[in-house]
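Listed after this line are the structures, all set down as structure tokens.
Shared chain: chain A. Partners: chain B in the first complex, chain C in the second.
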Partner chain A sequence: MEIGDLSTMSPSGVESEVAMIATQVRAVQMPEIAFTPVSALELPYSQRDAKIAVSIPRYTLPVTLFWGCVFILVIVSFLSLKLDFAKIFSRVGNLGGVVSKLSHLTSDKLDVAIGALMESVTVTILATVYGLMIGLIVGGLAAENITPWKPLAAILQSFFSLLRAVPTMIWALLVLVCLGFSPATGIVGMLFHVVAFFGRAFAQSFEEVPQATIEALLACGANRLQIFFSAIIPASLTSLIAWTALRFEVNFSESSILGMVGAGGIGYTIMASMSSYQMERAGTAILMVFVFAFSLELLLTSVKRKLKV
Partner chain B sequence: MAKSNESSISTGRTPIAHPDDRRNVLVFALTVGILFTFATWYTGFNPFTSLLEMSEFGRFITQDFLPPRVTNMPGIMAAMMQTIYLALAASGTAMVLSLLWSFCGSTAVIRNKSILTLARSLASVIRNIPALIWTYILVFSFGIGTHAGYLALTLSSTGFLTRSFMETLDEVAAENLEALRATGASTPAVIAQAIIPAAMPGLVSWFLYSVELNIRTSTILGLVGAGGVGLLMMTYIKQFNYAEASFVIFVVAVATIVVNLLIDIIRKKVLA
Partner chain C sequence: MNSVLRIEGLYKTYPGSSSPALANASMEVRAGEVVSIIGASGAGKTTLMRCINRMVEPDAGAVFIEGTEITQLRDSELRNARRRIGMVFQHFNLVNRLTVMQNVLHGRLGYMNSLDGVMGRYSEDDKLRALNLLRETGLEEYAYKRAGELSGGQKQRVGIVRAVMQKPAVMLCDEPIASLDPANSRVIMDLICELAKQGNIGCLVNLHQVEVAMEFSDRIIGMKKGYIVYDGTTSALTDQKLEYIYDKPMHLLTIRSEVAQDG
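The block that comes next holds the complex of A and B.
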């Protein structure tokens, strides 16, 4: 079907036909979508494309140049680092020793490790929830289509980049000086990145809400807040939940290592046990981190699959 | 934006909200509420007291931290360059390793179920232990310095890239593979002619993302003794030399922003 057909169709054409053409027009504009594996095979033969694209011309000049430059840069980096591979190979045995010591698990002081893991988990939860609350507000202010003042959106976006340019560990180190050793240090330290991440991600989701939806409510006389709560949030809800789930996973891996710079949690247990050569206890704590992170990944993957995002 | 407008025109309706959403909201709000109440009770975290104590933060930043003091400019720049070299070398190694690895875990290449499961679960073990813990283990085995940093970054980015590549490879059209196999093409030919070309945009953007991530990570790996700019910063902070540390943080922030901008430009140019 030619793209031109769309313009020759009468406006009173059957709705579903228009929709079908629109899909095909989109497929013509974005060739990648036409190759979607499963759906293409599931289509009845009459609706499949007559041709099967075998080679997609992706070995283009920019791509070849790109990988060439990457290769040269990586070689230059290796040369400048002056890594001594003989030394690395001679010490692989040490690694084996450390790993085997770590794998002798112990139930000694397990309650301390469990308490530390609980602290990491609760810090993760609180950082995510407070980040979510602040993120919804700043996300709304930073989204181009609903922001009360356009320059504010641009200012906030660059402010998010600034917050994210300093690693979470450093923020936590700075907060540590003021709040001391407490769960609050972990939560506040993580919030800098969480807010910047949610702010940017939510703004992006809000911007994807169709303008038609916003205009429909504007035409009814809805004010900004009403539009935000009855159009923007419901329409972008799935992606908000997906972003939250994604960030929760990242937050756990960050809060589990925050202890290594002196904030609490399971990271502190790992670090303290290892530096006092109690490898069995460190190994148990690392296994706990792994098991929790892995179950979280499985859970969130199934949630995402259910939401179809 | 253009796409969503198009769809609202094509159906003639204005989309408001999906009917399933009401249940999702309820489940989501309930989960968040329960977790939040439990966590607040467990940690005794009160945002308002923390907020009050954070007023100290402003004083600390303005008096101890600013203005930044620079005494060791060449040292800081050398450490920053070392961090960038570490990130590049690790990303390059991880790229090769994870490409090979993801072929072993991709249903498009391997038909043997046990190899697939093994490749996928090993990747998830590596990925689910945070990079800093790997670094600590490696610093313990290989000693303080760039060796441990290089190995830790390579390990963690291999885990992450393998997962992403597996997903990218799984998205390659089954039709194309079927067609090539029907002509009698061997597995290497299928990889070179169908899988890699189709997955190329994914490979490029995931690689660039891994460079970006590695630069962020390698600045903090130094905190546990893996070399680079993080090691220098940790030294200053331990000496309570905050003014000097603040300049290092500033250098890290500028380097991260510049690299991100560069990578955005490269991504657009290459994938145009």
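The block that comes next holds the complex of A and C.
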């Protein structure tokens, strides 16, 4: 019914017209959308059926579902673990004792600890640099917009997921069998995840380079390799640097942990000291890791800001 | 004069579309000639242009660049053919992080081997020519600025210099002034015409503004629904023919002059 038709209706007073509009409003209000059409705004507030919507349920549904799932999962996990809170709270006090023992720093065999830290740092550097070089290549091959063969991009992307499905610790243990106890084990063991990470992250960065930029170089007669180095890399340099800096930090913490499975470095020092109850030495080593990681983060942040990359 | 670009019976229908974007398009451009393509949005102007350097693959028909048919060329042959076809874009399509020089020199990549291109080892001759072209276009002082720091008009001049660096026989300008203000538009159109005459380059320019096309072109091509419906001089393009090309009465096509008169 058109609005103009209202005037031709039987003149049974204003109320019936309002009632007519209200009926129209209800007719428009499908049960699944609690949505007030603009025409209903002409009604006084008391006669409106619903509050004025600012969105529609279809858009808010994912958020509602997400929180619903989180709630259910929390309850299920909580019940399935059968946590003994009394025990947790009674024992958690012991942590204070351990921390106080750790905080009695010692200079005993400090040179060994420093040597171990340097080993972790070099492992971090090499794992990052090798990973970066391999990652740039596989990232280029895995990026939808520049891959020489589309299926290869999909295959590589799933291969990256596969690499990351196995924890770094397991990779390191597998490599340990071949290479024995050495920093090389740490580097190779970490490379699986580093390459998967860089491959995925770089591919994503490359894919964000506008197709128009690539097209401009194609139109110049440039080949794939030239386009990659002359347009794709420069255009995505900012995010490449950001990803590399982030991964460098992650690599340092991973290389510290890897020492615990025998791949050398500061992690081995921490574990060995702990297992022989030399808490002072362990504490010193942990502090060294913290200081290095923290200053690394400060340094990278300030460099990023200075360079305005 | 000899034609540097000739197309014959070009067809293109995009997948999922029932009507052709380009149908039986034939025309030619001679060396040093500036030819404008006009037509409503969706008339096939951009498709025609992109079929010429095969950014879009035509379904049928032939494209001759300096007498060589290029629709069947593959890989390196296609790249070699593209070196002779410069392209200028509406959104400039520069690499914003790189300097103006680097962007301009990208025009030479097609002539270099992969390694030199990757390492950015451009020849001294190319660099000298780039600087000279930048000086001619008033961009010398910006040569070592990042392209992203330039204004729209300056970016488009860089885009044009990049195309000219290719030493092209044909230059395709896809709505080169659509993102620019009127003053900059004039500078850019003057530059395109000047460089076309100077380098004896056949220019094909997509334009939305009929007045600009009338002023700067040697010849005009009108497109409608994928067909070339007009191909002739600017003087022979009557109001009646314009109304046919745009499918709109003249008073709707000349909004600018009417507003000016009212004001």
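Descriptive notes on the structure:
Operating definition for what follows: the second predicted complex is superposed on the first by the 239 of 309 C-alpha atoms of A that agree within 3 Å, B and C clash if a C-alpha of one lies under 4 Å from a C-alpha of the other, contacts with A are read in each partner's own complex, and residues count from 1 in each chain.
Here, contacts are C-beta pairs under 8 Å (C-beta built on N, C-alpha and C of every residue); 3 or more make two chains touch, one makes a residue touch a chain.
Since this is a predicted model, take the numbers as computed values, not measurements.
Between chain B and chain C, the partner in contact with more residues of chain A is B. Applying the stated contact rule after C-alpha superposition, one finds that A:Ile286 touches chain B and leaves chain C untouched.
Residue contacts after overlaying the shared chain place A:Gly221 against chain C, while chain B stays out of touching range.
Contacts of A:Leu237 after superposition on the shared chain: both chain B and chain C are touched. Shared-chain residue A:Leu152: touches no atom of chain B or chain C.
With both structures placed on the common chain, the touch criterion links A:Leu179 to chain B but leaves chain C unconnected.
In the superposition on chain A, A:Ile72 makes contact with neither chain B nor chain C. After overlaying the two complexes on the shared chain, residue contacts for A:Ser161 are found with chain B alone; chain C is out of touch.
In the superposed model, A:Glu207 makes contact with chain B only, not with chain C. Annotation: chain A residues 210, 212-213, 216, 231, 234-235, 237-238 touch chain B in one complex and chain C in the other. Those residues of chain C lying in contact with chain A across their complex are 53, 55, 76, 79-83, 85-87, 89, 91, 93-98, 102, 106-112, 114, 117-118, 120, 159, 162, 166.
For chain B in complex with chain A, the touching residues are 1, 3-12, 14-18, 21, 24-25, 28, 32, 35-36, 38-40, 42-45, 47, 49-50, 53-54, 56-57, 60-61, 65, 81-82, 84-86, 88-89, 91-93, 95, 124-125, 128-130, 132-133, 136-138, 140-143, 146-147, 150-151, 171-176, 179-180, 193-194, 196-198, 200-201, 204, 207, 216, 219-220, 223-224, 233, 237, 249, 252-254, 256-257, 260, 266, 269-270, 272. The part of chain A that touches chain B in the complex is made up of residues 15, 18-19, 22, 26, 32, 35-38, 40-41, 52-59, 62-63, 66, 70-71, 73-74, 76-78, 80-81, 83-84, 87-88, 91, 94-95, 97-99, 102, 118-119, 121-123, 125-126, 129-130, 132, 161-162, 164-167, 169-170, 173-175, 177-179, 183-184, 187-188, 207-213, 216, 231, 234-235, 237-238, 241, 253-254, 256-257, 260-261, 267, 270-271, 274, 286, 289-290, 293-294, 297, 307. Taken together, the chain A residues at the contact with chain C in this complex read 210, 212-213, 215-223, 225-226, 229-231, 234-235, 237-238.
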